[in-house]
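Alright, structures below, take your time with them.
Look at the two complexes coming up: chain A is in both, with chain B in one and chain C in the other.
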Partner chain A sequence: MAAIDIQSTFQALYYASLLSILSVGITLSYMTTKVFNFAHVRFAMVASYVAATIILLLAKAFNIHGDFAWHNMAGMQVRIPLPWWVYAVALISAFIVGGLVAVIQYYLVLRPLQKRGAGSMALMISTLGFDFILIAILFIYMTLPQIRRLTVKTVSLVGRVAFDSLRMDSLDIVISSGSVTIRGAVILAMIFALATIIGLYLLLTRTKLGVMMRSSIENPNLALVLGINVDRVFAITWFIAGAIAGLAGYLFIFATVYLTPVSPTTPSDQIIVSVFAGSIVGGINSVPGSIGGGFLIGLIEKFFVPLLSPVFGPGIVKYDKVFSMLAVALTLLFIPEGLASVNWKRVFRLGGAKGKES
Partner chain B sequence: MPEPMLSLQKVNSGYGKFHILFDIDLEVPKGKITVVVGPNGAGKTTLLNTIFGLATIHSGKVIYKGRDITHVPAYKRAKMGMAYTLQLFNIFSTLTVKENLLLATYDIPEDEAKKRMEEVFQLFPRLKERLFQRAGTLSGGERQMLAIAISMLRKPELMLLDEPTAGLAPKLAKEVFEAIRHLGDQGYTIILAEQNAKGALEIGDEAVLIASGRIVARGKAQELLQDKDLSRKYLGLEV
Partner chain C sequence: MVNAIVLTEQILSFIGVYTIVTLALNIKAGHTGIPDFGHAMFFGIGGIVVGNFVAHLAAALASHVVPGVTVHGVLAQNTETLNLLNTKYFPTHPGVAIGLLIFAIVVALVLGGIVGWLASLPALRLRGEYLAILLLATAEAVRIFVTYTKQIMGSTPTVGLATPDLFAWAGNSAAAATIFTVIMAIIVYWVFERIHHSPAGRLFRAVRDDEDAAKALGRDVVVVRRDAMIIGSAVAALGGVVYALNPFLGGGAVAAVSIFNRVFWTFWPWALMILGGMASNRGVVAATALVGILLIWPIRVYKVQLAKALGASLLGLDPNSFGNALEYLLLGILIILALALKPEGIIPEPPSKTLDFRKKAEKILKEEKIEL
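Right, the complex of A and B next:
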């Protein structure tokens, strides 16, 4: 089957990991404020721009002219275009900026509206409004003369720069072995997804903050009565959700051909629907559920749908989102609380029992 | 007269725009059990919410230990020595009994927390047997015990209890009332809101009767219990 080579499998895993780390943020913020945040993926975009700018600034300041480093490791060739610390600084800033934008939305938009008694519809529309504001800010940012000059000056470094978009995919780490080439961002996405799962699990179950988060989510009034500053706990939760989106933003820089504030091909506009789907299919009130749901939706769109092309023709891949929406519809019909609400032990036991009988 | 633990001065309060309580004047003496009775929807819960900062205060003042706390947020009141057992959803049902108890003591040093837990287990030994059970699976009575235990662990100077006997069998309700009286004898200052007016008034010291958001009677708990007119009109008691 031509549809599944190593390259496209990795692509699918990359996409699935990306969706799962974005879905978990949607779920975390939903659990605290009970609102679907339409601006969530734009946090990632903002983080991308900041991280990209930082890379350009560092490249300029330290006169890094894309002297690529090459390593040979166990028959593999590894190309690392930038010193590792440049990547690290960019990553940390993406993480922090994503979190800060989320906190700003929480304190400046959602909290005041909630205090005035806004319903869930009003809150949801407000997240769209916040998204538009972020888009506008990104447009302004990209057309600032200083930023334009910065991007033009480093043109040799970054490959190509359009007026309002960035292209930095050539700065990604590349690992190649024989005919197989794998991008750093692809591997990093899986590492981020795994780190998110483990990190959140430890945070929520092993730390005081985690128990405070869970208790404030379940019963804010009771948490308040016990002296927990629920507002602050929620703000921290939003920070974490935004920071995780920032990780996705960091991946966008290298994995996306162009970064643009808004366009049909910009990651945030393309995948927000899939991210919501992941969050819903996994179970909107479950953190582990959202990680699994995001991953599943990613695999459906980029792995299973291409498998259908021998039957339906290659055009089928254009309709990948239809299958995500189908998954959402089926979930809402049969298991409205999502995959997380399914008693998996029982399902497996039943399955096992049946297996023995036959 | 000694300074009251808590006093409300001409308080008007409610939720957002909704105005529920009207011109409430109330003094809660130290070391006494003050019982709040009244029919359903009278505003008992709202009164406790107002005291703890969970309602909107439109006008008037709340004074606690001589300090104006009208605009102090709820979580800070908890740190000032107030505890509140809510009428509904008064435990974290997705957490275990142990996690519930730990949350109640999260801001208290560990040894002290352990000591307090032992005290609580003496009063409610059943909780100790169910430490690792999810609180949502406790029986109604066990839930109320856990809810009261959570407040007790905080060693509050002022303890608000909202219908701690709701839904309990008469025998269990009696046990809970006895436990509250016991706390009162230990010197806790308690405000107890109850549907079960008779049981509450029997163990209370002071009492107020609320109807339609106003205080319509106040006095010693025993006197209110004896007042045939009031009892029949508002509390459905035959004396």
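Right, the complex of A and C next:
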């Protein structure tokens, strides 16, 4: 029953890092606007489409590899590493595009509605509406002939449907030693997650902007009195949330399963619910909590559930999301403010006393 | 070119099923203020009732009549068994088919009610968006569970189960299914109109508007919320039955990916409800009709022509794919515009019809023989 090996552990860590990067954005936008943003994962998708296009265009424009087009049309898994600056340009543009889409949503949809006194439910629905518009835009984008020429034909295992996607697994760096192969995207995801933690920590505690952000979230009226442009601070927070989603979008390009092309019949990407789960389990009003929560949900789905397979049979792996949803239900019912709100010192003292009994 | 009758049937089926599902959501979210983002979970129950329970029952009844039909075969050889039932059994047994139809409706209402009641248990503790997310997560967990459980949805999640054609005896079964859809929608509308103007409906809205006031007047808020969840969920399951039996909607099969799809059966009803007007049954019907006609007629049927008219081919876009995207563009823009420009909806919530005090007063005055 070798359910756990190094490779699947790294896969789990990759997924967990991805979720924590996305969860923190949900939390940041919830803290400022008090709305669960259904469009958040779509920011990542927009960013990933743009970044993928940029990689392909740069490779083509500078004729970095003559056989690049051939590789696309044949859809073969030929490894063509590109120079580092191509990836860097794509990463930066994913970061900026993700942030810009978020700011557009804030200024075009949420801010006007809030000014009209829309309730929290109305705001939530409006994020859905924005999500629908983004789906439509991505879908139209994928039908552009200029983009179609760049895409990779992928054949889905279910139903044998061929579709165009901007997935570029083959451009990923692979570190292999013996039977273990670890993909560059896995390492990169963990680096991004760490960078997000450190970056946000430094931003929120060491910079003037961070102090302004915290005060605007804590008490917008008081912040306004002190001469802080709360509106702009919130917009910047949204930019940061979207930009972090853009990082996740950059990872999507090299992922195998998470970047499914948008289609009118299956627009719902599976990951958004897990992202909400991470944000809620960790604590919807806590930035470090949401990072931890996302990581925890990722580990539950991809690490702990496979551990159960010797007991319940290998079929249990398919039900992985049921367990994370269970975690959400338990969190909301018993500690609605999430794991971050728990007074851990007290719990451990109690737990220590109880631990002796059991 | 599309046949005008088929087109009408398509539009009517769409409007019918979305009227049922959106009205069911309206009683929960619009009237009582429960933000149910797990609506698809109740809708899916109706699909399971038809695709699984009714098919099993029909196979049990037909196993002595039609050779080759076995109860075991419903899941093991789903397509073949259902094909035999639909071609050899239902056309000659209208009584059984109608009996099964009533069975499906009753079972769906009861099961939907039970699941709604179970889902209402956390509603006692949570409020607002927390409850919304909890219900969303629950629906997602149910969806995943159903998708991969072979005993419920068959062995291939994307294909699902073929549905019994309970209108096979009617000659044109598609037309019969459409008429059934419309009749169910009218009944559901009538019932919800009655509830709207009944004391129960006023109580729902009282709980939504001011929980403390309702409490102060001696009402058990928890019970009221529970009742709304039970009614709304039961009717949503009925919508699932209607969907599964209508070839224009289900296409002769139910799959977990379609009946538990949160975009189609949670988000779309929400959008239609916002557009029509929260707690406004008439508004919901108007919005459903508007979107149904706009969506089916120009966008789904004439999407290629429409895309060309909008200049898609000038930009070099594939008109077919562009047309598909228009569906989402339309809905997204409608939602945001409705929220920004008409947050109360196309037809705002009508005032409750209460006793006509003037008439009542005149009657009393007449009885007391007092001149005004």
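Here is the rule we use: the second predicted complex is superposed on the first by the 305 of 358 C-alpha atoms of A that agree within 3 Å, B and C clash if a C-alpha of one lies under 4 Å from a C-alpha of the other, contacts with A are read in each partner's own complex, and residues count from 1 in each chain.
We take it that contacts are C-beta pairs under 8 Å (C-beta built on N, C-alpha and C of every residue); 3 or more make two chains touch, one makes a residue touch a chain.
Not measured: the values here are computed from a predicted model.
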| item | value |
| --- | --- |
| Partner chain(s) touched by A:143 [first = chain B, second = chain C, both, neither] | second |
| Which of chain B and chain C A:222 touches, first, second, both or neither | first |
| Which of chain B and chain C A:273 touches, first, second, both or neither | second |
| First (chain B), second (chain C), both or neither touched by A:133 | second |
| Chain B versus chain C as contact partner of A:346, first or second or both or neither | neither |
| Residues of chain A touched, compared between chain B and chain C (which is higher) | C |
| Set intersection of chain A contacts, chain C complex versus chain B complex | none |
| For the chain B and chain A complex, residues of the former touching the latter | 16-17, 52, 54, 73-76, 78-79, 83-84, 86, 89-95, 99, 102-104, 106-107, 150, 154 |
| Residues of chain A defined as touching chain C within the complex | 35-36, 109, 112-113, 116, 118, 120-122, 124-126, 128-137, 139-140, 142-146, 148, 158-159, 263-264, 266-268, 273, 276-277, 280, 315, 318-319, 321-322, 325-326, 328-329, 332-333, 336 |
| Chain C residues within the chain A interface of the complex | 29, 35, 122, 125-126, 128-130, 132-134, 136-138, 140-141, 144-145, 147-148, 158, 257, 261-263, 267, 270-271, 274, 315-318, 321-322, 324-329, 331-336, 339-340, 343 |
| For the chain A and chain B complex, residues of the former touching the latter | 117, 208, 211-212, 214-215, 218-219, 221-230 |
